[in-house]
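Down below is the structure, laid out as C-alpha cells.
Every chain is named by a letter (A, B, C, D and E) in the order it is written, and numbering of its residues begins at 1.
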Amino acid sequence: MNIFFLIILIFFSGAILSFIINRIAPKFSGITTFVTIAVVSFLFFTQVEINSITQFSLGGIQMQFGVNNYTYIFAILVLGLSLLASLFSIKYMQDNDRLGYFYSNFILSIAGMVGIIFSRDFISFFIFWEIMTWSSYLIVIYDGARSSRSGLKYMIFSAIGAYAMLTAIVSIKGSYGTFIISEAIENGAFNFTDHIYIPIMLLVGFAVKAALMPLHVWAPNAYSKSPMSFTAIFSGAMSKMGILGMGLVLASVYSHSTDENAFNVLILRQILGWLGGITAVMATIYALIQTDAKKLLAYSSVAQLGYIIVGLSTGTKLGVMAALFLAIIHAVFKGALFMVAGAVERQVGTTDMTKISGLIRKMPFTFFTALVSIIALAGIPPLGGFVGKWMLYEALITESNNYFLVIVIFFSSTAAFMYSYRFLFGLFLGQEEKEIEHVKEAPVTMIIPMVILALILIVTGVYPGILFEPIAQGMQYLGYSDVNWDMSVLVNVWGEESNMAYINLTIGVVFVVIFIFLTLKNLKGTRYVGTKDISTSGEIPTENENLTFQLDFFKPFQRAAAPLYKRSMDKIWNDLGNALEAIFDFTRRIYTGNGQTYALFVIIFLVILLIFKNTLFTN
Amino acid sequence: MINDKDSQKIVDYIQNFARKQSLFVMAYGTGCGAIEIPATMTSRYDAERFGIRGAATPRQADVLLITGYLATKTLKRVIRVYEQMQEPKYVIGFGSCTINGGMYFDSYNTINALEQYIPVDVYINGCMPRPESVISGFVKLQELIQQGKADNGKKYRENLEWYRTNQKKIIKNWKMPDYNW
Amino acid sequence: MEDLGLKIFGAILTTILGFTVGMTYGGIVRKLTARVQNRYGPPFYQNFLDLLKLQVKKTNIAHGFMGHMAPVWIIIAAVTVLLFIPILNGNLWFPNMSFHGDLIFLLYMMVFGSLGMALGAGQSGNPNSAIGVSRGLSQMVGFEIPFVLSLVALMIQYETTSVQELTQIQHETGVWNAISNPFAFLAALFASLGMFRYSPFDIVGAPAELASGPVSEFGGKYLGTMMSGGAIFAFIKLTLYVHLFLGGAGNPDNTGIIATLLGLGVLLIKTFTLYMVPVFYGWINPRYRTEQAIQYFWRWPTALGIIGVIWAVYS
Amino acid sequence: MQEEFNEIFLKYHDIISLGVYGTAIGLILIGLYAVLMKKNLVKIVIGLTIIDAGIHLLFIGIGYINGGTAPIFSPGYEDAAKRMVDPIPQALVLTAIVIGFAVTAVALSLVIRLYKHHHTAKIDQIKSLKW
Amino acid sequence: MVITPIHYIVVPLIAAFAIPLLSKIHKELFRIVPGIVMFYNIIISFVLMKEVNEVGYISEIIAGWEAPWGINLMITPFSGFLASLISVLGFLIWLYQYRFKKVIDVDEIKSYGILQMMMITGAIGIIITGDIFNLFVFMEIVAITAVSLTSFYRGRDGAEAGFKYLLIGGFASALILLAILILYTQVGTLNMAEIAEKMHTIPLGIKSTILILFIVGFGIEAEMFPLNGWAPDAYSQAPGPTSAAFAGIVVKAGIYGLIRVIYTLFDIEGAFDFLIIAGLVTMIIAEFSAVKQKNLKRMLAYSSIGQMGLVLIAFGIGTKTAVFAALFLMFNHAIIKSLLFMTGSILMYNSKDKTISSIHGIAKNLPFVSIMFAIGAFAIVGLPPFSGFWSKLYVLTAAADKEMIMLIIAILGVSIVEIVYYFRVVNKLYFATDIEHLDIFKPSNNSLIAMGILTITIIVIGFYPDLITGYLHNAADILLDRSSYIDFVLKANVPIQ
C-alpha cells in the first residue's frame, strides 16, 4: 500500500479506535492517540521519500500526494509537536469525560495537518484543511458553555478563510485548468497580472489560520478555551499551516514578479508587511492587559505570527528564512508555554493570574520550561527566538528597506517583554499564597514533553545551524536558489557575516565563569526565607492579606497607550455581525405568515415575469 | 593566607573601614525625633560626607535609627525591621526616650529602655538631640565599628531568648514569624 | 585562534575598566550632586566603599532560586554586552568581540539583565518590587522607540549594523554622527534620559515611593553584585553612545601604549560629558508619573527619531 | 398578453364564441380577486374553486368546434372524424374536476379545523406561523 | 416477472386499495405493507437504473397506444436516478417512521403509511411520466397527500400550514393546468417528446408565456423565491418523517418538473440565466432568513430552500459539469436533508417550547442522534470529507469554468451564513449545562438504523465520490442531449449510446 494512504488510514483508524477504546477503557484513549501519532511519525520519517509523487484520481479530479523539502520542515514541526503534546495530553486530560470525542478529534486534526503537508494538489489540500478546521472546532467547543461562543467565532472565521481559498482554487481550475499546485504555478496562476484575486484569495484563506490582523479575532478565544494539550498544537503547529500556504503563494508571486506587476507586488508586500506589523503590535498590547495566563499566551501567539508574516512578506532570502525559523521556534516555545499553562491548570485548577502566584517552588520543572520558553519568546539571546528576530530585523533593514516597520516590530517585541514577565510573574513568582500549599509538580509524563521542548530551544539557540539546514533546503524548493548557509553563519545583503555560534560561545563562557564564581561566593552566608518575609514597613502580613501585585499590572502603560486600546478589532467585527443579524432579521420578515400574502407574491411574480418576458427570454 | 592572623587583621581593618565609611541608615521615625533627620542629611550638616545615607528597606540598611519614644505597638514593628536587617547591623538609640523613657517614663504605652528589647550600640541623648549630636553619635558608632566592637547582631542572636522574653512581655498577642537562624 | 589568550586577557581588562569607570562615574555624580545642593558630599570613591561594605556583609537573604540568580544574571548580561562593545576602536588591548549586526544583538542583550533583575524581584514577593518592575518595563517600551529609531537611522545611513564599522566610518570621515544626523542623535539623547533612570525618570526605584523598587528585597552581596552590574551597564551605554554618535575613541592605525592611553582619555572625556546630560536634566526635574514618562518619549523624541530616519534615507 | 390571445382568437375565431373565453377569463379574475382580497377562509376556498372552474371552461372552449359532434363513430355520424370536438380537453377537464373536488374537500376540512382552533375565519388573523 | 416502469405506479396503487382489506387479517399490516411496497420500489429502481445506464432510455407504452398518442412512461438516466433516490429515501423514511411513537400515537386511522406511500408514488410518477398532463395529475396527487400529511397533527398550526400549502399549491396546479392548456392549443399534443419537437413552431411570445406559467407552477413545488411561502410552515409542522420526505422527495419532484420543462420541452435562450438569478435570490433570502430561526425544523426548511436555490443555480449554469453538479447536489440534498430532518425532528420533539435553545446539551441524552445531526450539518455546509463538499465543489468548478467569480463568491458567502446557523445548533447540542432533560423521546432502533444508513452513505460518498459520479456524468450528458430524447420517443425506439 502506498505510504500516504497508509498514513491516512492509520490516522482515521486511530481516531475511530480511540473513540471506541474510550467506551471500554477511558484510560487508554490517550495512549492510543500517542501510539497512533508515534507510529505515523515513525512511518513518515522512515518511509516517505522526499520529492516522490503519488498520483491518483478521486471524484474525477487528479490528485497528487508527495512531500518536498519545503513541506518537510512543517512535517517535522507538526509531527514532533503533536507527539509531545499527545504524551502531555494523557495525564492532562485524565480526569475529563468525553475523552473519546476529544482524542478522535485530536487525531483527526493532526491527520488534517499531515494531509496538508503531503497534499500537492489544491483539492486534497482543501479537504485536509477542512478536516483540520472542523476537528479543531469540535475540540474548541469541547468545554461546552465556556467555549461555545469562541468555537462558533472560530468556525465562522475559518469558513471565511476556507471559502476564500476555495474561490481561488476553483478559479485556478477555471482559468488555468488544473488543480495540481505545481502545474498551477507553472501555468502562471500566481503571476499577479491577470487574475490578481487568485493569490489574494488564497492569502486571505491562509491568513485566517495564521491569525493575521483583521481576521485574527477568533484566535485569542479559541486558543485559550480549548484544552491546553491541544492548544499547544493549535497555536504551535496548526497556525503554521497558514504560514506554509502563505510562504508557498508569496514565494511564487514574488518569483514571478516582473516589471508589469511590480507595482502590484509592491503593494501586496507593503500591505501584508504592515498588517503583520500591526497584528504584532495590537496583539501584544492586548496580551499585556490579560489576567488569564492562557489568554495572554493566546494573544502572544497572534503577535508572534505577526512577526512571521512580516518575514514572509519581505520575500527576501533572509526574511523568508527568518519567518521559517521563527515558525519552528514559535511552535516549540509556544507549545512548551501552553503545556506549562496546562500543567498549572491541572495542578492548581485555574490559570487566572490574579488568583495564583508563587508556584516556582512547587513546580520547578514547569518553571524551568516556562523560563526558557519565555526567553526564547522575548527574543533574548542566546536562545533561538533571538536568532529569528535578528534575521527579521536584518531582512527588514538591509533587504526590504522597510524602516518604519522595523520600529513597529521592535515596539511590539519590546512590549513583549512586558507580557513575558507578566506571565512568569503571574504564575510562578510573587507571594506563595495559601491556596497553593497542596500543589505538587505535574506528573512525569507532562514534565517530559515540556522539558524536551525547553532543551530543544536551548540547543537550537546555541546551534541554530541545526535548523538552517532543512530550512535552506526548503527555501531552495521555494525558489531561493543560493541559500547555502554554513552552520550558524548568517550573511546579510551588505555582505556582513555574523557567527551565531561565536556569539553564543562567548555568552556561554561568560555565563559559566561568572555563574560559578558568583554562585559559590554568594551562597556563603545566604539564608533562604519565605515570601512572607518581606520588608513591609515593619508590618507583619496576615495570612489572608494579598501581597501580590496582580491586578492592572500595566495600568500606567495602559493609560499612556490609551488611544491604542480605544477601538478593538473585536468591536468592529461585532458591529458588523450585529448589522448582518439585522439584515437577516429583516429578510425573514418577508415570510409574513399570512397565506394571502404568499398568494399575492405568486401573482406579482407571475405578472412581473410576464411583463419582462421579452427581456428575459429570447429564442 | 587568609587564615593567617596578621593578614586577617589587615582584612578586618579593610572590612571595618568599608563598613564604617558606608552606613546605610534605616531611619525609624517613631517619635518626634524624626524631624531632626532631614536637617542632619541636608546641606547644612550634610551627613553624607561620612558615607551616611538613607536606606529604603531593612534589607539594605546597616544602621537602625530609633528616633524617640517607642510605643508598645511600634515595638513590634521595630523588632521585625531589626530582625530583617542583614548582619553586621547597628542600632542607634536617638533621644532620651530610648534610654529611659524620657518624658514618657511613666506612660502606659511606651517602653522605657530600648536595650531591653534589641541591642543598642550607641545612644544619643537629648530631647531633642541637635544634628551635631546626631553626627557625633554616628562618629562614635564609626569608631566602634572600626574597633570591631559594634557587631550586636551576634549578641542578639545569642541572647535571643532573653530578648524574646522581654519582647513578649510588652507584645501580648505575639504573632511574629520565626526566623530560622 | 592564536590570540585567544590575548582576547581573554583583554576581556578581563575590559571588564575591570568598565567596572571601575562605571563606579567612579557614579561616585563623581554623587559628589557633584552634593556640590550642586551646596553640600560637601561624599568622596568620589564612596561607591567603592559601599560596594565593599555590601560584599562583606555577614548574612544575606534570598527568596529562592531566582532571587539568587538575579544579580548573577545581571552581571552576566553586563559583561557579555561589554565584551561586544568596541571600547577603543581597533585596539588590541581591548579586543571586543564585536561582530557585524551586533547593534540588534546589543539592543536585546541589554534587556537580558533587566529581565534577570525583574525575575529576582518577582520572586521576592514584595509588591513594591513588582510595581517597580512593571514601571521599568513600561518605561523601557517608552524610550526604546526613539532609541531604536535613531539606531535604524544610523544603520540606513551607513548601511551597516555593526558598531565597529560605524565607529570606523566616523573615524575615517572625521564627521561625527551627531553632526551628520543631528535628529537621530537628539532622539537617542532623549532616550538616554530614560535609560539612565535619573530623575525625572527614576520611577523604577522611586525612593520614598516604592521603597527601592525591584531591589527592595536585596541586600548584602546580592545588592553589591547588582550595583557592580549597574555600574558596568552605565559604562556600556555611555560607550555605545560615544561610538555611535560622538566619533568613538581610539585610533586603529596606532595601537601603541600612549595612543591607547590617549584613546582612553578621549573616551573618558566623551563618556563623562555625555553622562552629564541625564544627570543635569535630573537635577532640575522632579519625578514623572509612569504614563507621563512614557508619553514624554512618545512625543518629541519619537518625532525627532522619525525625522532622523527620513533624513538618513534622503541624505 | 393581449396579442397572444388575439392570435388564439384568430385561429379559432370561426368556431368559438367570444363569450366562452370572456366568461372563462372573467371567472379566473373573479376567483383571483376572491383569493387575494377576501379575508374569509371559506371565500378564499370558493375563489380557488372559481379559478378552477374558469380554467376548466377555457379548456372546454378550446376543444369545442362550432357544430361539432362527439368523437364517436356511430351510424349517421360518419364524418365525425372531420368535425368532431377534440375529445382530449374534455377528458382532461374531467380529470381536473375530480382533482379540484378533492382539493376543495381537503381545503374545507382544513378550514373547519382552523376555525375550531382560532375561532375566526379571517386569514390575516391566522398567523401563528411566521418569519 | 419482467420489471417495467409501470410497476412503480401500479403496485402502490393496488397496495393502497388492498391495505384496508389486508389489515383485517392483521392490524400491523397497515404499517408493514407500505414498507414492502417501498422495498419493491427499490428493486425496480435498481434494475431500471442499471438498465438505463446502459441503454440510455427506457420507454413503456401504456394501454397499447404508441407514443405520441398514448401515454408513455419514460426512464432517462436522470429520472432513473431520481426515481431510485426517491425509492431508497422512501424506504428509509418508512423504516424511520415504522414504530415512530409520535406517529403511531396520533395515527388512529392508520392512514399515515398509505398517505406517505401515495405521496412517494406521486413523486415517482412525476419523474417517470412522459406525458405532460399525466405529470400534472401526479403532481396533484403529491399535493393533496402532502397537504394531508402536513396537517397530520390535529393542532392548529398543522392546519394552518396545510391550508397555506393548499392555497399556494392550488395556484400551482391552476397555473400548470393553464400552461398545459395553452401548450395544447399550440401543438395539439400532450406528449412531452412531441411537444419538444414542435416547440420551434410556437411564436416566441406565447412560448415564453407558457414557460413562465410552468416556471411559476413548478417553482412553487421547487421552492423558488418568492413562491416558497408555504415551505417553512409545512416543513416545520409536518411530522418528522414527512418533513424528511418533503425535503428528500417532494422538492425533488418539483425540481424535476422545472428542469424537464426547461431542458427538454423548451428551447429558449435566457431560461438558464433566469434560473441562475432565481436560484441566487432564493438561496440568499432563504439562508438569510434561516439564521434567526428559533424552531430547528423551520431553520432546516429555510436551509432546504437555500439548497434548492443552489440546485437551480447549478442547472442554470447549464454546462455538463454544472448539470452533473446539480444532480450530485440533488442527491446530496436528498440524503443529507432527510437525515437532518429525521434527526432534527427527534431533537425538536424533545424541545418543550419547540426552540433550539431548549435543547442545550441534549447530546448527552441522545448521543447518536446528535452526532448524526452534526455529521449532517457538516455535510450540508460542504465540509470535507463529507459528501456535501463534492457537490459544492463541482458547482463551483462549473461556475469557475465560465469565470463567474461573483457567483462563486455569492455561493460561498451564503455558505458562511449557513455555517453560522448550523454550527450554532451543533454548539447548542454539545453545550454542557446542568439542565436535566426529563422525559426524553428516544427514537426506536429502526429509526436509528434508517438514520445510520444515511449517515454512512454521506461518509462513504464523501470519501469515495466515484461511486456515483460515473452514473451522474452519464445522466447529465443525456439530460443535455435534447434531440435524442425526442428521437427516441417519436422515431425508432432505438436506444442511443
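Throughout what follows, a contact is a pair of C-beta atoms (placed from the backbone, for glycine too) under 8 Å apart; a residue touches a chain by one contact, two chains touch by 3 or more.
Everything numeric in this text was worked out from a predicted model, so none of it was measured.
Chains that touch both chain A and chain D are the following: E. Taking the CA centroid of chain C as reference, the farthest chain centroid is that of D. Inter-chain contacts peak for the pair A-C. Of all chains, the one whose CA centroid is most distant from that of chain B is D.
Closest to the protein's overall CA centre, chain by chain, comes A. Averaging C-alpha coordinates per chain places the centre of chain B 96 Å away from that of chain E. Put simply, the C-alpha centre of chain A and that of chain B have 58 angstrom between them. Centre-to-centre separation between chain C and chain E, using Cα means, comes to 78 Å. Put simply, the C-alpha centre of chain B and that of chain C have 36 angstrom between them.
In chain A, the residues that reach two or more other chains under the touch definition are 527, 529, 532-533, 535, 588, 591, 593, 595-596, 599, 603, 610. Residues of chain E found to touch two or more other chains are 160, 163-164, 167, 205, 209, 232-233, 289, 292-293. Contact of a single residue of chain B with at least two other chains is seen at positions 57-59, 181.
Chain pairs that touch one another are A-B, A-C, A-D, A-E, B-C, D-E.
Contact residues of chain C toward chain B in the complex are 30, 34, 37-42, 46, 49-50, 52-54, 56-61, 207-208, 211-212, 215-220, 223.
On chain E, the positions that touch chain D within their shared complex are 133, 137, 140, 143-144, 147-148, 151, 154-157, 159-164, 166-167, 169-170, 173-174, 177-178, 180-182, 184-185, 190, 203, 205-206, 209, 232-233, 236-237, 289, 292-293. Of all residues in chain C, only 57-66, 68, 71-72, 75-76, 79-80, 83-84, 97, 99-102, 104-105, 107-109, 111-112, 114-115, 118-119, 122-127, 130-131, 133-135, 137-138, 140-142, 144-145, 148-149, 152, 155-156, 159-162, 211, 216-217, 220-222, 225, 289-292, 294-295, 298, 306, 309, 313 touch chain A in the complex they form. For chain E in complex with chain A, the residues that touch the partner chain are 160, 163-164, 167-168, 171, 175, 204-205, 207-209, 211-213, 215-216, 220, 226-227, 229-230, 232-233, 267-271, 273-274, 285, 288-293, 302, 361, 378, 381, 383-385, 389-390, 393, 396-397, 399-403, 405, 408-409, 412-413, 415-417, 419-420, 423-424, 426-428, 430-433, 464-466, 469, 473. Residues of chain A touching chain B in their complex: 527, 529, 532-533, 535, 537-540.
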